Amino acid sequence: MMKNDLHEIGKRVLASQPFSVLLGAELLSLAAGLAVIRVPVTPDVRQQHGHVHGGVLSYAADNALAFAGGSVLGPGVVTSEFKINYLRPAAGDSLVARAGVVHHGRRQAVCRCDIFAASGRSETLCATAQGTIRKVSSSVSPD
Amino acid sequence: MMKNDLHEIGKRVLASQPFSVLLGAELLSLAAGLAVIRVPVTPDVRQQHGHVHGGVLSYAADNALAFAGGSVLGPGVVTSEFKINYLRPAAGDSLVARAGVVHHGRRQAVCRCDIFAASGRSETLCATAQGTIRKVSSSVSPD
Amino acid sequence: MMKNDLHEIGKRVLASQPFSVLLGAELLSLAAGLAVIRVPVTPDVRQQHGHVHGGVLSYAADNALAFAGGSVLGPGVVTSEFKINYLRPAAGDSLVARAGVVHHGRRQAVCRCDIFAASGRSETLCATAQGTIRKVSSSVSPD
Amino acid sequence: MMKNDLHEIGKRVLASQPFSVLLGAELLSLAAGLAVIRVPVTPDVRQQHGHVHGGVLSYAADNALAFAGGSVLGPGVVTSEFKINYLRPAAGDSLVARAGVVHHGRRQAVCRCDIFAASGRSETLCATAQGTIRKVSSSVSPD
């Protein structure tokens, strides 16, 4: 599949996720083994201290990991599990989650994701995640 | 502190999180070492297959873990890290995240959380999480 | 399969792991969805402060999780991934790792494990773990 | 502190861990933010299929993460938590665990570690880990 096709398919998948639409998430790029998702920082995604809620960072990680995994496994994937470490409070214009495949077989991929807070041209690493993406054959059941 | 006071304080903290307000999250209970958060399942929180997006389950886990940790450490806490395993596709009327403290010292608490999809009186375990909550003394910095 | 058969099979599997033999690990019990492994605390398993090395606790977690998973999936399993939180320094006569299956399908099981340091009749929770065990069909390849 | 001093201090710490001595672990390098630990693959560290036991990989991850964290936090550190994904069965002459600091403050460091199986000059990535290392001030208590 051509890289641009993959990106177009990915954008359609993201647009078919109501929760991603609610958050205004955008698939900046998708290539074999790599995915970049941007989430705008609006007042609605904050926690009580004015920073981005950890749940939004974990959403960005979960989704970028899944798109990276799907780029090598095919579109029918689910996140099996992931782990996230929060590094710094996140503030700025947007979150940028960059995920890559560390290793994959036919049925699952282990991926990593760094989540940055972007403000203008400056980016700050705010969280880092690692997880497993699994292919679901002609079904959405996770097992 | 009395249990009811703790619940009231917790409700005010949750109400001061714009992202939790956006999702309609509700603190069903908060007692020393235990927190229960409910998130209504609306069309907005779904993914492309019609189930609840994993990012919403991870939000519920992150927040319930933090409230459980805060119930023993005091209100100024952040989630340091957590890990979540997705067990089944989540559907129903609401998510119910039940978190408890496994162990804590003065500065951090290790907590677990089970996330159920509730439909009427029936509940199905959909995800399980484990993580670390850390006290941030008179500051919001994670370190 | 009868419970006693399962325990016998499990003991033979443990005895066929040279690393478990090196550490003197013992399968105290194995039943559908539950495994208990004991590791004696000898001078050889300590770290620089005299406590049990974290790597021994992580070994006990990894193995107890795998035996719990294998008790419902069948003997040909591998640990896909796990996460461990260390709670207290471990000292005493032995470590006791108790693992249980939280959820499983045909191909994988999500399990939890608590690791205790035992001294006489007293036990102290020292670490807690959560992970995924995966069936490997007629092969030892993890994918 | 000079880089060579750090390496010498690290080697003394490793030599004071009886479990690391039992496994024949060697600190190949230690610099600010980076640690490399080698563990020889002997018959004693295998599991039932002849590969290296996952518990040995998790030991290597735990220890390399802690040395990387200690290289920036100072020698009095403990592993708070980590997560490991197993990618391939490990076989060969030795394991090489390479850990690096992703982010650190004064009291804790978030680190990653890749664990390779080395055979002659060839290396194969077998597992990847991510975790938190914490400074313990003038005490070995984890909290």
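Each chain gets a letter, A, B, C and D, in the order it is written, and its residues are counted from 1.
We take it that a contact is a pair of C-beta atoms (placed from the backbone, for glycine too) under 8 Å apart; a residue touches a chain by one contact, two chains touch by 3 or more.
Bear in mind the structure is a predicted one, so any value in this text is a computation, not a measurement.
Common partners of subunit C and subunit D, by the touch rule above, are A, B.
The interface in A-B, B-C or B-D that matches C-D, meaning over half of the contact pairs are the same by residue number, belongs to A-B. Looking at which of A-D and A-C shares more C-beta pairs in contact, the answer is the pair A-D.
Between the CA-based centres of subunit A and subunit D the separation comes to 29 Å, rounded to the whole angstrom. Here the spacing of subunit A and subunit B, counted between their Cα centres, is 21 Å. Averaged C-alpha coordinates put the centre of subunit A at 33 Å from the centre of subunit C.
Along subunit B, residues 80-81, 83, 85, 87-88, 110, 132, 141-142 each make contact with two or more other chains. Those residues of subunit B that touch subunit C in the shared complex are 83, 85, 87-88, 102-103, 110, 112, 125, 128, 130, 132.
Residue ranges on subunit B touching subunit A, taken from their complex, read 13, 16-20, 22, 43-49, 51, 53-56, 58-63, 66, 78-89, 140-142.
Chain contact summary for the complex, subunit D toward subunit B: residues 80-81, 83, 104-108, 110, 132, 141-143.
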